[in-house]
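Right, one structure below, let's go through it.
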Amino acid sequence: MPRIGKDEVLVSIKAVGICGSDVHYYTTGRIGDFVVEKPLILGHECSGEIVEVGKNVEGLQLGDRVALEPGIPCRKCQYCKSGRYNLCPNVRFMATPPVDGAFVEYVAHPADFVFKLPEKTSYEEATLFEPLAVGLYSVVRAKVSFGGEILILGAGPIGLATLQAVVNIGGGRVTVADIYDFRLKKARELGADKVINPQQSDALDKLRSSFDYVFETAGSVVTTQQTVKLAKRGRKVILVGLPAQEAIEFNTNQIITKELDVLGIFRYANMYPKAVRLAEKGQVNLKTLISKKFPFPQTEEALKYARDNKESSIKTLVIFD
Amino acid sequence: MPRIGKDEVLVSIKAVGICGSDVHYYTTGRIGDFVVEKPLILGHECSGEIVEVGKNVEGLQLGDRVALEPGIPCRKCQYCKSGRYNLCPNVRFMATPPVDGAFVEYVAHPADFVFKLPEKTSYEEATLFEPLAVGLYSVVRAKVSFGGEILILGAGPIGLATLQAVVNIGGGRVTVADIYDFRLKKARELGADKVINPQQSDALDKLRSSFDYVFETAGSVVTTQQTVKLAKRGRKVILVGLPAQEAIEFNTNQIITKELDVLGIFRYANMYPKAVRLAEKGQVNLKTLISKKFPFPQTEEALKYARDNKESSIKTLVIFD
Amino acid sequence: MPRIGKDEVLVSIKAVGICGSDVHYYTTGRIGDFVVEKPLILGHECSGEIVEVGKNVEGLQLGDRVALEPGIPCRKCQYCKSGRYNLCPNVRFMATPPVDGAFVEYVAHPADFVFKLPEKTSYEEATLFEPLAVGLYSVVRAKVSFGGEILILGAGPIGLATLQAVVNIGGGRVTVADIYDFRLKKARELGADKVINPQQSDALDKLRSSFDYVFETAGSVVTTQQTVKLAKRGRKVILVGLPAQEAIEFNTNQIITKELDVLGIFRYANMYPKAVRLAEKGQVNLKTLISKKFPFPQTEEALKYARDNKESSIKTLVIFD
Amino acid sequence: MPRIGKDEVLVSIKAVGICGSDVHYYTTGRIGDFVVEKPLILGHECSGEIVEVGKNVEGLQLGDRVALEPGIPCRKCQYCKSGRYNLCPNVRFMATPPVDGAFVEYVAHPADFVFKLPEKTSYEEATLFEPLAVGLYSVVRAKVSFGGEILILGAGPIGLATLQAVVNIGGGRVTVADIYDFRLKKARELGADKVINPQQSDALDKLRSSFDYVFETAGSVVTTQQTVKLAKRGRKVILVGLPAQEAIEFNTNQIITKELDVLGIFRYANMYPKAVRLAEKGQVNLKTLISKKFPFPQTEEALKYARDNKESSIKTLVIFD
């Protein structure tokens, strides 16, 4: 049982979503420079119930149902002090080595990274605040305004979260592309105006220079290459998904001759309050992203399921009693 | 019958909304420095059918149903060239002396300030694109993002247009204040989370420093004074409505100690395409703002009606056969 | 002798500048809602030598000559986490009741609010980083770019700091107005292109709507009223100085019809590194702002001198052996 | 002798700079999709004297010494109306096929794209306003503020113009890299804090993730590839130079994991007034960029000289009597 500091709360974990990064660490033991060198507890998309409250904590109390923002920054570096704490080089991010994650019964967490759930949001749904935060952050960083042709490449959890963020701004016409039809069906259900399966149609090829905002969430080399070709002159490409391969053939000339903004996205900052508010107002559907649930003792099965069922599953959860 | 230039179209006017400024010119013959010195045709919120097309015009054709953006800038000054054509000192704005307006059968208009209506948008509804453009511009200039406590002071045509703009961004909690209950009812219908009638309740007084965005659209001295007190530290006040009296008692210290942004709004730029898109997607309800219609020969009655029925009417239209 | 935490350093104070707020507390015992209710040590513009280093501190060592940024925010609220820590409601700001200030021999201070001085910057000059931070923040917040007509109302320490910030951006034409000629002489020396003494000339009255940026640093009612009249259409007013009187007659209509941005300034955030860099590159002259020095035991005389000699003095310092 | 419209002036050309694009068209007959299909007059960096003034023109008169901004946009498209006229698809840009350029005695030009020279700026220096506009635009688009580590890759005309723009903002520490030492010497002379010749040193390789702003002006594949590696986390890469080869090996993962902004630059908009102001204030040295001059009848020799002397020449001019 972890001991809490005076600015922390103790949370009894109730549900944890499995992220692609969890699967990756489980399978390969590393992501880029992050290497698992000793046993590591995975899981960072989590929610739970407060069972102890630090003495300086205000606004939270025993029994509160909460979501945990998983990255705790140093609060002192230039990034933290200028509002971009997601770039803090000393961040302690759950389930990124050597920091343990949420597949565990109790977590001590700083109160200001703990967010009360709206009444109608379940623990299960609340695990989705994490990918939703990525989607919201992408849309905020892209400064999407009313109107515009929007393309989302990839309709996995991040792509569908980005879709849910973007349909919350009126006037846009949103196209979603993915190679799995069941994901495109979800995209339709969640408000996409048009869906494209590039394995079944060349519709995307015909849309060069057609989009005001191109969000890349698939993390494939091909879709990353397409981004700059699909964007309209003077508009924006937002890179969220990380291809396995570092250097790719990329048409940088398009960035110049079309004067694009190509914006990287690394996690998020200050998005949980926005995610909570959207859920509270019923403006996102998180439940529909949950494909499969496993009880806590079957966490390894859950990881394997998530690894093996990309073609039929969006988000796999681990549920605690 | 006006003659069109090669970059213009001729529009047979079908509907014109009456704006507060029309009523003002009709009643007093002036607004600030703008004085009616010779007969002036009023009306600038207008829609119609294209009956002639200039030879250089692309993308518009005979019979197209269109809305007219009423201000034509010089296209050459520093404001025009930097995208803020609403501030062009040489703009020719319909129904602002000495430029004639739209209470007339035919208008020649530059094609790039003419916008095709979505199929389901009627001529009548399309007159509302003009106040909607003001609302959209206010919200764009305020950079409203997901979430936030939003206050709209005044629920006339501009206030309700601002409301419609703002509810098209998810996550906000919107409060609307007005002294007429029928307007507050409209606000509720259009998505306000909370309404306040300051003549019946002191709820507003208790909300000092509570709002992330305070939009002032009522144009009264009292509401303008309230803005800086109601805004949260570090947030924004957007002044749209113009009080009759130039200098007012204003708590400028609040701007400094709360580090506010106080932003003026003068008309709009580049908003008609956004208005069209929102209408096309069914994300605004323009019809509900129309209270009363008069046929073209009764334009003067329409002006009088608009002048005399503020407590029961939102927008009065003049309709052409 | 204060004890330091592991993230703190102990600083032997070497020089402290006297700010208008120090004089105000000394004279009246309050500023707005801040009231001195028990003995309070004044002074917050300070520099010194590090005499002890907390065990977690990196990048600072014994003997380092440093400037102290005087406001320590909570690091946890929405303002801190979004980069606007100057608006933190729980900030502990030196010499703002009930937090003690720098007229004392030793101060324990968090290392990330302590900045090493460039070699050529003296302790005395380094006290001026504080007002320079205000000037830099005003210019950064106003997004001053190459070119533009710039007006600075008031040529006290903040006005001259703003001037020094603004002349570090090429292409601007800077006018400074003040009622004391010796200050205008300093302004000239520091790069003002034009100076105006409104008690001797009506030059300012003739410059309505002439400036792209109007910085108000005098904190007088009259100059605050002038700001919106002097700004060009579509441009910016930056309010820094706090008039004694809360509500003033203010022409809010100018904000609307000229579509101005009126921006409040409350202290600063993230500016000390910029101040240090400018000093290091020799791009500011801080020495010239120092008018008079007193030894530490004569701190009260220093306060009285600062209070009584506004017409001939810019900045009064207290120097420690 | 061209005839002028009522909004135009006739300019007797006095000096024209040779741009890399002129050399490219001269040598290969094309740049990307732009192909010279019939005789084309080259030259677009030009200055001259006004010899005729259209009847609507204000602010310009016979005998005025002026620079010509070479791209005339349509003024009607979404880009023109939103202030990004450099992206106008219908722009008529001098010496870009099929639009003739400035190696000609008289040019008719819209008055609002004609700028009076400061008294002390010669016709020859004024030709450099064009590359200076590119440099200024890059710096404005990058939102460079006080301070920061700045890297400019390439010290040709654009690189040195970018350098001159960037040193006009205080507090930056500027490193310039180029393979020609004489260019690096110019960079030093113009204010670079540090210069690197990557053919003589591996200093650049050691500076991974060290720069707040990386400007790529060399247009080589290698330097373009380096940009994202050299940029600090959360900072900006600005791509100005166009490599001959479209698709290159590019580490897009760095954009994501460091959350970079990669910004393309295509020409410029609204920069000539800023260039004029900097020249007027003596804050740029344009003369030093001029390496060689040829009289008008030897324009072809000038083109050949510019083509063949990159290792010893910055800018070649053609001078008219």
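Letters are used for the chains, namely A, B, C and D, taken in the order the chains are written, and counting of residues starts over at 1 for each.
Here, a contact is a pair of C-beta atoms (placed from the backbone, for glycine too) under 8 Å apart; a residue touches a chain by one contact, two chains touch by 3 or more.
Because the structure is a prediction, the values reported are computed rather than measured.
Colleague: Return the chains common to the contact lists of chain C and chain D.
Modeller: Intersection of chain C and chain D contact lists gives A, B.
Colleague: Please work out which of A-C and A-D is bridged by more C-beta pairs in contact, and write that pair.
Modeller: Between the two chain pairs, A-D has more contacting C-beta pairs.
Colleague: I'd like the Å distance between the centres of chain A and chain D, where a centre is the mean of that chain's Cα atoms.
Modeller: Distance between chain centres, rounded to whole Å: 41 Å.
Colleague: Identify all positions of chain A at which a residue touches two or more other chains, and write them in rising order.
Modeller: Correct list: 84, 273.
Colleague: Contact residues on chain D for chain C in the complex?
Modeller: My answer: residues 136, 139-140, 143, 145-147, 165, 168-173, 273-274, 277-278, 281, 283-284.
Colleague: Enumerate the contact residues on chain C facing chain B in the complex.
Modeller: Its residues touching chain B are 32, 79, 84, 86-87, 89, 224, 233-234, 239-243, 246-266.
Colleague: How about chain A: which of its residues touch chain C in the complex?
Modeller: Against chain C, chain A makes touches at 7, 75-78, 80-85, 110-112, 269-270, 273.
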